[in-house]
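A, B and C are the chain letters, set down in written order, and residue numbers restart from 1 in every chain.
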Amino acid sequence: MTRARIFDLARPSRQHLLGYILLAPAVLLVGLIIVYPLVISIDLSLQAVKLPRIGAPRADFTLANYEKLFSSAEFWMACWVTLKLVCVVTIGSLVTGVSTALLVNNRFRGRTLARLAMALPWAVPEVIAVVIFAWIFDSSFGLMSWLLVTLGLSDGMVAWVSTPGAAFWAVAITMIWKGFPFVSIMTLAGLQSIPADFYNAAKVDGANVFQRFRWITLPLLMPVLGVTLVLVILWVFRDFSIIKVLTEGGPLKSTQTLSIMTYDQAFGFFNFGYASAVGVVTLVICVVASLLMLGRETRAMY
Amino acid sequence: MTKFFGRSVKTMTIAAMLSATMLSPALADTTLKFVSWQVDDAGTGDWWKAAIAAFEESHPGVTVEFTKVERAAYADTMTTLFAGGQPPHIVHLASFEYQSFAENSWMENLGPWLEKDSIDTTGWAGQGKCVWNGETACIMLNYFGFIMAYNKAILDKEGLAVPTSYAEFLDVARKTTKDLNGDGITDQFGTGHETKGGAGQYLTEMLSYILDAGAYWTDADGKINIDTPEMVEGLTRWKTVVKEGLTPVDMSAGDIRKLFADGKVALRLDGPWLYGTMQKGAAAADTAVAVPPFTPPVGGSSNVLGMASEISDEEKALVWDFVKLVMSPEWQRKYATIGKNTPPSPAADVSGVEQEVPHFPLLIETMKAAAAANVDRIPTGLEIQYNEFGKMVQEEVQRMLIEDLDPADVVKTMQARAEAIQKG
Amino acid sequence: MKRTPMQSLVLYGTVILLAALILFPVYWLLVTALSTSADLSQLPPSFWPENAQWQVFAKVWEERPIPTWLANSMLAAIGSVALSMVVSVMAGYALSRFSIRGGHSLGLFILTAKMLPATLLVIPLFSIFRSFGMIGSLWTLVIAHSTLIIPFTTWMLKGYFDTIPRELEQAAMVDGCSPMGAMLRVVLPVATPGLAATALYAFVLSWADYAYARTFLINAQGSWTANLGITTMRGEYTTDWNEISAAAVFVAVPIILIYLFLERYLVGGLTAGAEK
């Protein structure tokens, strides 16, 4: 067999090799950008490091960061806050996203315009979104407080940043506004791929609108929603700028998620070893959550 | 745009070829990187720009690249630059954060440089704060005292005099906090404090009341000294001001200053930098400055200038020339005339500055008062843990406000937590 | 199917109300830009400033290098679109056409790019890019953004390729095309809607970045992107919200326009991907 023949990718037996070659750039790119930082982070999390210096000799191996982490009330509080935020934002985005998608999936005049409007926040960069919402949730002159007072829902201006519950909702509402359009776009795509025949058949069988949604739309949307859900959850886990600008994790750590805690420990208190431990644990949680979400139907993602 | 691609393609090729070797930054066109948060600040920003221009003129072929990084992102940006091995040549840091960088040997010991040029820093305000582990890690750029700005129109309307004590201050603040249009929402405040935008600033805002009550976080030896009756009094005052709604809540320092400058706040305690904002505000004609009604006034070190330790000797020599320039009596005087701020140098001739900056004698007076009382915002013994300590105090104070706790209990919690933080 | 007038009313009413709610914050950005600082600290808030300060746009445009910022954002986005498309077309095609052992795990591995907190990524990435001499170059953004983009676009394109019958390529190969040739000349043209959707997604993600730009480009003012530029407008002592908002409007307009033009492809391109 000549050398040329080995690389004759047209041969059926060589085809899988082409597959690997085509996949290689993606894996290499992610490998370069993720694996090295990941190795560094795991390594740092096992040392007592205040400020890291890439390339410096490593300090002694220690599990102290993890011991401190698991015995710290702050960490468990951050886990709880993250969980709450993930639930609220995911459910909020899902409900808003799916219902707006169902709404603009109807045929009506101006539907294209409505579709554009519903998903527009997705295109607004987060940096700009927080500028807007910081003003809307301003405690002294913000629109939201004024609205609540005017509508009689609140006695006085709401101190968004110094009231734990209010702070959480300010963050959650901003995140839902930014997060739901992606769900909406994905749902719309999913809806359009459902053959109209299914609905017609169901109508002949006498299924009402809710039954059709429950038994046709929802099951057929599930694969898309599964992927969307994972992406939304990972976004909430990692997101940092919305909370940082709006509440800085406060008050009383009521909006301090794992990613804010990582940031504060790393760049606020210069405890990089400890911050890395928080980050590594966050990663593990994300991996497990993604596997659980995608694992049931393993081919759902790829 | 084409330049970007041309240069970038080249970069990529070289990078691909030499991926294993380290490439050091090119030195041919000597550029000194200088990152700061003060680039756009009225006063200090202008002073920096003028000093850089003068430096570049006397050093042909050398350019100083003066880059703005917003304060909120400053610590992480600087950390990344240093940790990634590409620090700015000229290092500008806040006086509460340089210690961590010095601790990592990232800052050049300036002691030998000062000695070489026989520069005497005796009497240089706040310079003692720049000594870390026995080395001179930096030069103190600014040591300031707080002033009190007030709105004459608001005070006159209520027939009130400028307060000279805490009791009077509280009285004025109460009488000037008003709902002017009757919609049930306060729209004019007696005073204004920043309560959003970082723990360090939160502590500074409280400090006026605490110092006036005779309390402080640590004693001169760095021992935690929070659980005292004086501190209880200080916290009680803060609680009174916030709980009674005499200050707007959740505002960043910038927004508060704007609010004061636009005539919605009667009294505001702040540093010398407030003046620039006041002059630009809608109520510029009504605002004036006075000695704070609190003794001693809040004061302290603000920001420092240093040199990265991991740059070449040629670059170090250039950076040192720049540091020397800004330390010279001429530029220290300009720190007052252009920067509208109090220069730390004892050699700076500040005579006649009051013609350009009318309140300048007041700035000097409060700075001296603060210095005489040995006041600083950064507590001795907690320099490295300042951010963590600040965050803890802010959290406990917020808890006191939210859950309406007794300050006498709060100081006990804070004492215990501060001791734990100090131990590490 | 005909709607009763009542149903139409409810439908239109809901759509208009929802659209107004969703678009309101964007409108509020414009109002903030046009207000004076005194207007902003006033209750009740004015829903349209009495004397709108239109000159703020001219002022910001003059004082800040907005065209440069926008051009840099544009270059980084175009680069990210190009790189992530090439990479994810290849990967998506491989996952769709070849039964690759461990393909699923590799797919999940690519997803980890979206899992590690950015805080931990920045310092190691800075050091990698530094050793390639790339700090301060927009290429850093192209590479970093692409890793965030390809997990999703690969999945999207795999789904799209799945809907294209294999017979197309097989026929081409019988005619003497190589497998690569078949993919490039036969499959890709058919996949245009999927590619357009990928491009828009990539563009939006790249345009939204701030954290990476700040880390890699802060010391190279000529390379600042729009989002980075905006945040440097925040001052230590005061912040001019109206000016920041005006700058934000400049940054939001291009991305909104691009979104408006490409949105139909997004849903169209995703539709095939959604078919399972």
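By our rule, contacts are C-beta pairs under 8 Å (C-beta built on N, C-alpha and C of every residue); 3 or more make two chains touch, one makes a residue touch a chain.
Keep in mind that what you see is a predicted model, and the values were worked out from it rather than measured.
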item	value
Chain separated most widely from chain A, comparing mean CA positions	B
Pair exhibiting more inter-chain C-beta contacts, A-B or A-C	A-C
Centre-of-Cα separation between chain B and chain A, whole angstrom	36
Centroid distance [mean C-alpha coordinates] between chain C and chain A, Å	15
Junction residues of chain B, two or more chains touched	76, 79, 83-85, 185
Shared interface positions of chain A, touching two or more other chains	52, 54-55, 140, 146, 263, 266-267
Multi-chain contact sites of chain C, meaning residues that touch two or more partners	41-44, 119, 123, 126-127, 231
Contacting residues of chain B [partner chain A, same complex]	75-76, 79, 82-85, 100-101, 103-104, 184-186, 195-198, 248-251, 384-385, 387-388, 391, 394-395, 398-399, 401-402
Touching residues (chain side chain A, partner chain B) in the complex	50-55, 138-140, 146, 149, 156-157, 159-164, 248, 250-253, 263-264, 266-270
Residues on chain B engaged by chain C in the complex (per definition of touch)	1, 4, 7-8, 11-12, 14-15, 19, 22-23, 25, 33, 35, 37-38, 40-42, 65, 67-73, 76-77, 79-81, 83-86, 88, 181, 183, 185, 187, 252-255, 257-259, 262, 264, 273-274, 276-277, 282
Parts of chain A lying in touch with chain C, wherever the complex brings them together	9-10, 15-16, 18-23, 25-27, 29-30, 32-34, 36-38, 40-41, 52, 54-55, 100, 103-104, 106, 108, 110, 112, 114-129, 131-133, 135-136, 140-141, 143, 146, 150, 177, 185-186, 188-190, 192-193, 223-224, 227, 230-231, 234-235, 237-238, 240-241, 258-259, 262-263, 266-267, 275-276, 279, 282-283, 286-287, 290-291, 294, 298-302
Residues on chain C engaged by chain A in the complex (per definition of touch)	8, 11-12, 14-15, 18-19, 22-23, 25-26, 28-29, 32, 40-45, 86-88, 90-91, 93-95, 97-101, 103-104, 106-121, 123-128, 143-144, 146-147, 150-152, 154-155, 158, 173, 178-180, 204, 207-208, 210-211, 227, 230-231, 241, 244-245, 248, 251-252, 255-256, 258-260, 263-264, 266-276
